[in-house]
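Chain IDs A, B and C follow the sequence of writing; residue 1 opens each chain.
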């Protein structure tokens, strides 16, 4: 299937062939980050961010610029025409006249779907509500593929808040297209949602645990996510959990050789700073892969590759 | 007269020949929105917005980028050097050193004139105070011309707050250069200002009415503007008026075949959503014409066409 | 020494040869401000401004765009991922993956040094804490060199708050590399810091005074800086000082022919508006030189000249 004109709303709209196409295209983009490119010369991306998300916005902007394109940005919708009572759909119907594609971040569930249905140009979801952030899942897969040389045959632990973390859900769905084994590591109160567990478990081997130390020797990738204070009834409970799931040099003693640690960022203190200097750390490298994956998506939906 | 180096402060500085030149240049710009262009390669527009106006800013940015130019933006003057007590004139005398033209939006009457007098590079007024918004009037004319194939011989109703709406005034002045007939449709308390009525009425046929339904069968273009709550002594009066001037499918039953509905946007609920899907609606298309007209103005004042 | 890959953290890291190289490179940049250039085509500057500074940001942006490069900007760190608790060092390690160099403005002392140590790409300090603003010092020197045709042999008065003004300190250090004579003119309570006075005085002739009128006949350049209200115990004292150091047409009657008046901007009322129209005024021209100097620095650290 051609990507030209396609919307990128949910990782669940991507089958294995789609994902493979994004990954192989991303690899072609890597040399262009240094050499520059005019693939998207004259094209404009409208980046509409109804929530602050500096990293994601910069990543999309850099991707567009690296390909010779340009961006127009709405980053403070509170002081824009939205203030004058304009609806999201009216904004989109205006902005589609100024640009060749729309990158949308919006706090409401379903907003990216609405935008995709409405706009006559491609829409890429840069995070909508608590459910979907498809480009994050794609860049996570790309990082694993590039760092491990493969996706099939890898064993991945996803650690942290698996109940509320959208990154964890999207990643699990995406990995289920490959012959992987997943370990869901979380406090009992933040276990992976039943529907994700069932669907993913019907396709690949999954297991749940509350203990990272017994899991570490068995995995190739440790994917760390945030545990938020707000999820806990009292501070004491939160402190206890936070301590148990914090990744330190000490924790990583149990790790298999070649283990890599990933994180969608920004981190608070889920990963100790001294891990940054080790060969485990891939969470900053991940942001570079993210730009590359977004270059691929932009080029694909605009039909230039 | 050559446009090179010219300021665009007020629609009243434009005679018919000027407007015709903008419109015909805009038509030349249309294919460039797809094909791209390097007409303004290396040129920088400084977009200084002392009021939020996302659509207008994006329209100017997109116009500049489509022509291969670039922009530097000030969009939050409250947290900029203006905070440190810098005057508008000092800001302009700095910014003219960084750019090739200035696009200025400012809440004060006369600010664009001041800027134009002061700056050694062209200044385009993107809205100053409650009086002037010349590029809006030009894009309105361009929309009529492109959609109707002509300006002479058209009959246009301007509906809404004709007392305070700057868009309505500028449009009336601009249309008076052509052999048009105008119908001013408004509540009695928001009638078109006497001075506009007299000047425009001295050149073309105008009439005033409070009733849209008897006007609709006679017009080719219905130009809808906002009626603001703040203009009314009490809420009850406002609700009554708002209802009477709201455009719905029902209202449009009386319309002549081929009538087009325009609106400067953003809209609140002056036009019902189900009108969007009809062949009457041109208010979103209008924003595309707006970008094209701004491309023409940028190219003209920078002397590349 | 080659500039390629070099960080620009402090003017004190620059010897005379370095400064000369920046100045002569800047001169080569001047024609490119009109003709355009593709020297930095495909390159991206990440402009991270943790403090509002519209002029400095626009100057760096314009410099990058004039050379064919592009920018991604963080200008509101309060509503960005910094809000989510991300540290400056994590932000930098992300942003270096999106860009070819970092321009950083940060309120904390030492932040630019930290960034330079951490990032694998060049970092240019656009103002850190109250100590360093190296590109301002370089553009001040460039303005003198271009307006006077030389640095050696010039006599310069630096006037205003010499105790707290970082611009004054950096400029004094930079001028000490040349055979110049400096006059520090300030109220008694805001005298030049001892350490600056000693170091600069060990290399060139310096003198201190509280009186501008007796100094004016002896100098070629009058460099005016701001005196801030907050530095004074009471308002009455402030008003008195402010009046005594305000530059007016009257003050300038004592000036030598050919004297030029400079100011880092923004000004409050340290220089009367009627001075703007005289041949003394160079403070707006200075901002153009500033863009040119930044073009030179960008081209140098990215290794294209």
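Assume a residue touches a chain if its C-beta (ideal position, glycine included) is under 8 Å from a C-beta of that chain, and two chains touch if they have at least 3 such contacts.
The structure presented is a predicted model; accordingly, all values stated were derived computationally and were not measured.
Asks: Quick check: superposing subunit A onto subunit B on C-alpha atoms, how many degrees is the rotation, to the nearest 5?
Replies: 120
Asks: If you list every residue number at the subunit A and subunit C contact, are more than half found on both copies (same) or fewer than half (different)?
Replies: Result for this pair: different.
Asks: State, to the nearest whole Å, the distance from the C-alpha centre of subunit A to the C-alpha centre of subunit C.
Replies: Those two chain centres are 41 Å apart.
Asks: Among all residues of subunit C, which ones touch two or more of the remaining chains?
Replies: 70, 76 - these are the residues of subunit C that touch more than one other chain.
Asks: For the complex, give me every residue of subunit A touching subunit B.
Replies: Its residues touching subunit B are 41-44, 46, 70, 72, 74, 76-77, 79-86, 90-91, 93-95, 97-99.
Asks: Under the stated contact criterion, what part of subunit C meets subunit B in this complex?
Replies: 35-37, 52-55, 58-59, 61-62, 65-66, 68, 70, 75-76, 265-268, 276, 284-285, 287-288, 291
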